[in-house]
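Per-chain numbering from 1; labels A, B, C and D assigned in written order.
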Amino acid sequence: MEQKTLVLGVIGADVHAVGNRILVYAFTQAGFKVVNIGVLASQEEFIRAAIETGADAILVSSLYGHGEMDCRGLREKCQESGIGDILLYAGGNLVVGKQDFTSVEARFKAMGYNRVYPPGTMPEVAVEHLRQDLGISK
Amino acid sequence: MELTVKQMDREEFERQRQEVLAQWPTGKEVNFEDAVAYHKALPKSKIFAEKLAEGKASGITYAQPRAGVALINEHIELLRYLQDEGGADFLPTTIDSYTRQNRYKEAQAGIEESRVVGRSMLNGFPAVNHGVSACRRVVESVKAPVQVRHGTPDGRLLAEITLAGGFTDYEGGGISYNIPYAKDVSIESTIKYWQYVDRLIGLYEEHGVKINREPFGPLTGTLVPPCISHAVAVVEAVLAVAQGVKSVTLGYGQCGNLIQDVAALRTLPVLAEEYLNKLGYPETMITTVFHQWMGGFPQDEAKAYGVISWGATAAALGKATKVIVKTPHEALGIPTKEANAAGLRTTKQILNMLKDQTLPMTDDMALEQNIILSEARLILDRILEFGEGDIAVGTVRAFQAGTIDVPFAPSRFNAGKILPARDTQGAVRLLDFGNLPFTDDIKEFHKERIAKRGRDEGRDPSFQMVIDDIYAIGKGMLVGRPRS
Amino acid sequence: MELTVKQMDREEFERQRQEVLAQWPTGKEVNFEDAVAYHKALPKSKIFAEKLAEGKASGITYAQPRAGVALINEHIELLRYLQDEGGADFLPTTIDSYTRQNRYKEAQAGIEESRVVGRSMLNGFPAVNHGVSACRRVVESVKAPVQVRHGTPDGRLLAEITLAGGFTDYEGGGISYNIPYAKDVSIESTIKYWQYVDRLIGLYEEHGVKINREPFGPLTGTLVPPCISHAVAVVEAVLAVAQGVKSVTLGYGQCGNLIQDVAALRTLPVLAEEYLNKLGYPETMITTVFHQWMGGFPQDEAKAYGVISWGATAAALGKATKVIVKTPHEALGIPTKEANAAGLRTTKQILNMLKDQTLPMTDDMALEQNIILSEARLILDRILEFGEGDIAVGTVRAFQAGTIDVPFAPSRFNAGKILPARDTQGAVRLLDFGNLPFTDDIKEFHKERIAKRGRDEGRDPSFQMVIDDIYAIGKGMLVGRPRS
Amino acid sequence: MEQKTLVLGVIGADVHAVGNRILVYAFTQAGFKVVNIGVLASQEEFIRAAIETGADAILVSSLYGHGEMDCRGLREKCQESGIGDILLYAGGNLVVGKQDFTSVEARFKAMGYNRVYPPGTMPEVAVEHLRQDLGISK
């Protein structure tokens, strides 16, 4: 079966690198082709990497609290760049402070993210969702 | 300007100063003479170095939180709460991440948006945007000394503004605020930025104003072996003192094994004094700061209180001068002021109950101290060799060579070759040495300890062990045993 | 029946049994053969002694809460919550204070009133009133072994009902459930009541049913010097084993100084084995239980978490077989199930993080262990002397003479002459020895330690120092320094 | 000035003896004559001691949680015994669990207690109140 490609990165002025390193490892182990743009990644870098590699999904991490501001507009930019339908996942500690996750999820879904994850989500969860969303049978 | 450990000359400093103060409009508010006068009028109780000296003399461990929000009044309210309800001995002003990356426009947008939505949209206090007099309002609104805590590779303008604003302590350093906090900034340039900051503080000291400097000990906060953070701390202490800094607080982030943590706290000032002395620098006041566990926390608050308490215990038994406190919200998000004060009170209860207790010297402790001392000396001596005696030059080359290497760091100027893992008692050891200049004896010691753990767990040491260790404390353990 | 350590004869036991089972209607539900069969059908995972043996072998420390409410369904819900949400390894059933004083009518009124007002009006579970099959419902509703925890001078009927009800562990003893829990009950009579309980358990053991016994270590929970609680623990262990008990968990309540607490935990089984052996009793399984600080707690929950964590730390480093957990509500009232589970989770986080760490032997530790061993032996040997080899008889005489004396105890059969106070490191020492049979050397040691504290505080040791120590932990310290 | 007499005790099946011991010491130090009936004290014992010593106040402690049941009816018994106007204070951990103190206070005032104290009240507070209520000038 054809290998699916994921673009991974930590958005904005965020330097939290540990989770990113584990995600790269976990998604690679799970059989995906991982294109990691690392920390301090701009929206443009995510899109460029996705186009260049013909990626099937973009997985955005934001840990440091500015996620709400940094993630806004990414879907629109994807549309402008001709990859409007690409899967967009976001996870980490997306907002400032301990907030009720249902409302955080709603805000990010409204911004065009297909899946939104609460703090501490284990990689296995996203692997499972990717398989569903990309139609991969185990 | 060529890289060297030597004190920056006046012209170079003034040339940069012009440039730095022009980076954002609030730079205009800085007036050095006025700032010196302002500091001289501060009561002793608001001066970090004075209170640290007292604590050091009486063997007390102080508690300090992290805290910062976007707007001034809210920030003052937060600090007052931590002082009055948390019993904080020292206060922080944690700077937001846009400011840390010198993105003042984005910080401004964050300020505006925070005003509109009525909650802080920034993860800290944008001190540059708020300017000098706002900082002074903060200092004047509280009783305890206030420190700038951040993570800024180029913190020159931030230093100018906050120090003119009456803050008496400045965290960071050319390595510790680069390697964990940046991706594309060369070490040469951050060392230079920080030499500017240290020189600025040197100037304050020459004018009779005491400003304490605190290299950021924990680095990436995740399984950093003591020899690495100690080597960085010593380098930054030397770099700072060379520019005229007179009082330095060296930091270390809890690893979790009590013996290793206490040994680390005890050896840190020993190493710093040894190298400052050897390199011919004047007597410096050295104090220590212990950071409660800096890696991933458990989400459950009751469990988080356990982790916080264990950090407070190691700080107290290791006789750190101060401890930086985590909160029960750590795993989830920036804490509310209530959660922050709760972390402080838990910590202070432990500090007070333990203040008259000590951990006696034992064979285990002596072994651990010797290991840390030997490893750190091997790294530091190689750095000095690389630099032909110049620690600034040597540091750049040592990072290139991977002679010093920080695990899990985002910076591309860091080799990223070493891999740490816990031994079976939870002490942090090395699974992969990268290019660390260790002797065979030392390597054997690490290998043997990790192999013992492997035997206990019935598996070969591998990256999976490292991952398990990264998750461990968050999942209620210290050693990441195989999931069953 | 004359007082003696010897095993009670069958007729005497049967005679008392008639009487005991008639004390309250539920006594009729007790059928020994049926009870033995019931126990034999229990899975190993529900049997205290089995799980304790496992823990002892693997060097693990288990966590157990205290908990009990008036009504059965609520009680089951509570225990399940502590098991599932708190991760309790062992479960309790704490008995209410009316039942403890054999006031079953008042307990009945408490049950009724609790039904009416919809919250528990009793401070525990009135097991006698609820009867045998209700107890079995409790045992069947949970996964972990369940123990009866109370404070009943005459716990004979309670033992009959709860053991027939499938509980596999029974707390208390003729001294430890008299001196701190009664005013007017002679030690002679409580020793006899408890010989009945121990004999009952001996009978179960003879029928192949394992029931663990746990003398109540902390006594009054307030500055009890280790030698006192150790002496009581050894006496109760001997009394129990003499009646056929085969597995005993000895308890000790945290004093607060780590070295003293770990030394106490280490010496406790040593002493018990020594005296059981010396007096010719068969091999017994001895395990230990450490009680987190049993005196006054801070009202603030964050501070309480600190105290809880410090207790968990000492338990883990002292390698106790289990630790009894306090809750963040301790200072205020019986905890909600949430607060109780939170105390458990904090404790388990610490236990897990520390399980692979140890506190090495040092001179300080050896000194502390020797002091405890010497003092306890002096007391125990005098008891045996007083009883001409009979520890039961000797104990009664020793209490009369004040040779053994529990601080702050309500019982008029306790001399109440000794006064404990902390030394400058927080270890509990003696300010007034009453009639304790200590040598001059030992007295000198205590005096010197307390005098040192007096010098540090610039005051003469006095009752005010004791009061300050009683309040200290509640006010955020360990040593009650003079209020400024 | 004439020395005032206080009856002190811990009511019901309650054996908490430590606080009682400190209260005896503190009230004696503050100049009162203290008649201590100790722990496990019944309502009858409180009244008997008060009558025998001509006491000016009865201070009831309850720590163990059954205070609400144990303290009920003491005022009525005082009235029946001819000391209906005697000052009655209650303190300790009066009820089961961590309850809102205002409601606890109201319940005990309704039972006829003149003053009701929350957990952890320091003796000095009651000394001050006794001076006010008994008209003692410092």
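The definition used in the following text is that a contact is a pair of C-beta atoms (placed from the backbone, for glycine too) under 8 Å apart; a residue touches a chain by one contact, two chains touch by 3 or more.
Keep in mind that what you see is a predicted model, and the values were worked out from it rather than measured.
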Exercise. Chains in contact with chain C and with chain D: which ones?
Worked result: none
Seminar exercise, completed: chain A and chain B have mean C-alpha positions lying a whole-number Å distance apart equal to 30
Problem set entry | Euclidean distance of C-alpha centroids - chain B vs chain D, Å | 55
Exercise. How many angstrom lie between the CA centroids of chain A and chain D, rounded to a whole number?
Worked result: 65
Problem set entry | chain A, residues touching no fewer than two other chains | none
For this session: Check each residue of chain B and list the ones that touch at least two other chains.
Result: none
Problem set entry | Category of the chain touch graph - line, ring, star, complete, other | line
Seminar exercise, completed: Contacting chain pairs, sorted by label, are A-B, B-C, C-D
Exercise. Which part of chain C faces chain B closely enough to touch in the complex?
Worked result: 256-259, 298, 300-303, 305-310, 312-313, 341-350, 352-354, 356-358, 360-365, 424-426, 473, 476-479
Seminar exercise, completed: Counting only contacts in the complex, chain B reaches chain A at residues 97-98, 100-101, 103, 106, 109-110, 113, 119-123, 151, 180-184, 220, 222, 295-296, 299, 329, 331-336, 339, 408-410, 463, 467, 470, 474
For this session: Show which residues of chain A lie in contact with chain B when the two form their complex.
Result: 12-15, 17-18, 21-22, 25, 38-40, 64-66, 68-69, 93, 95-99, 119-120
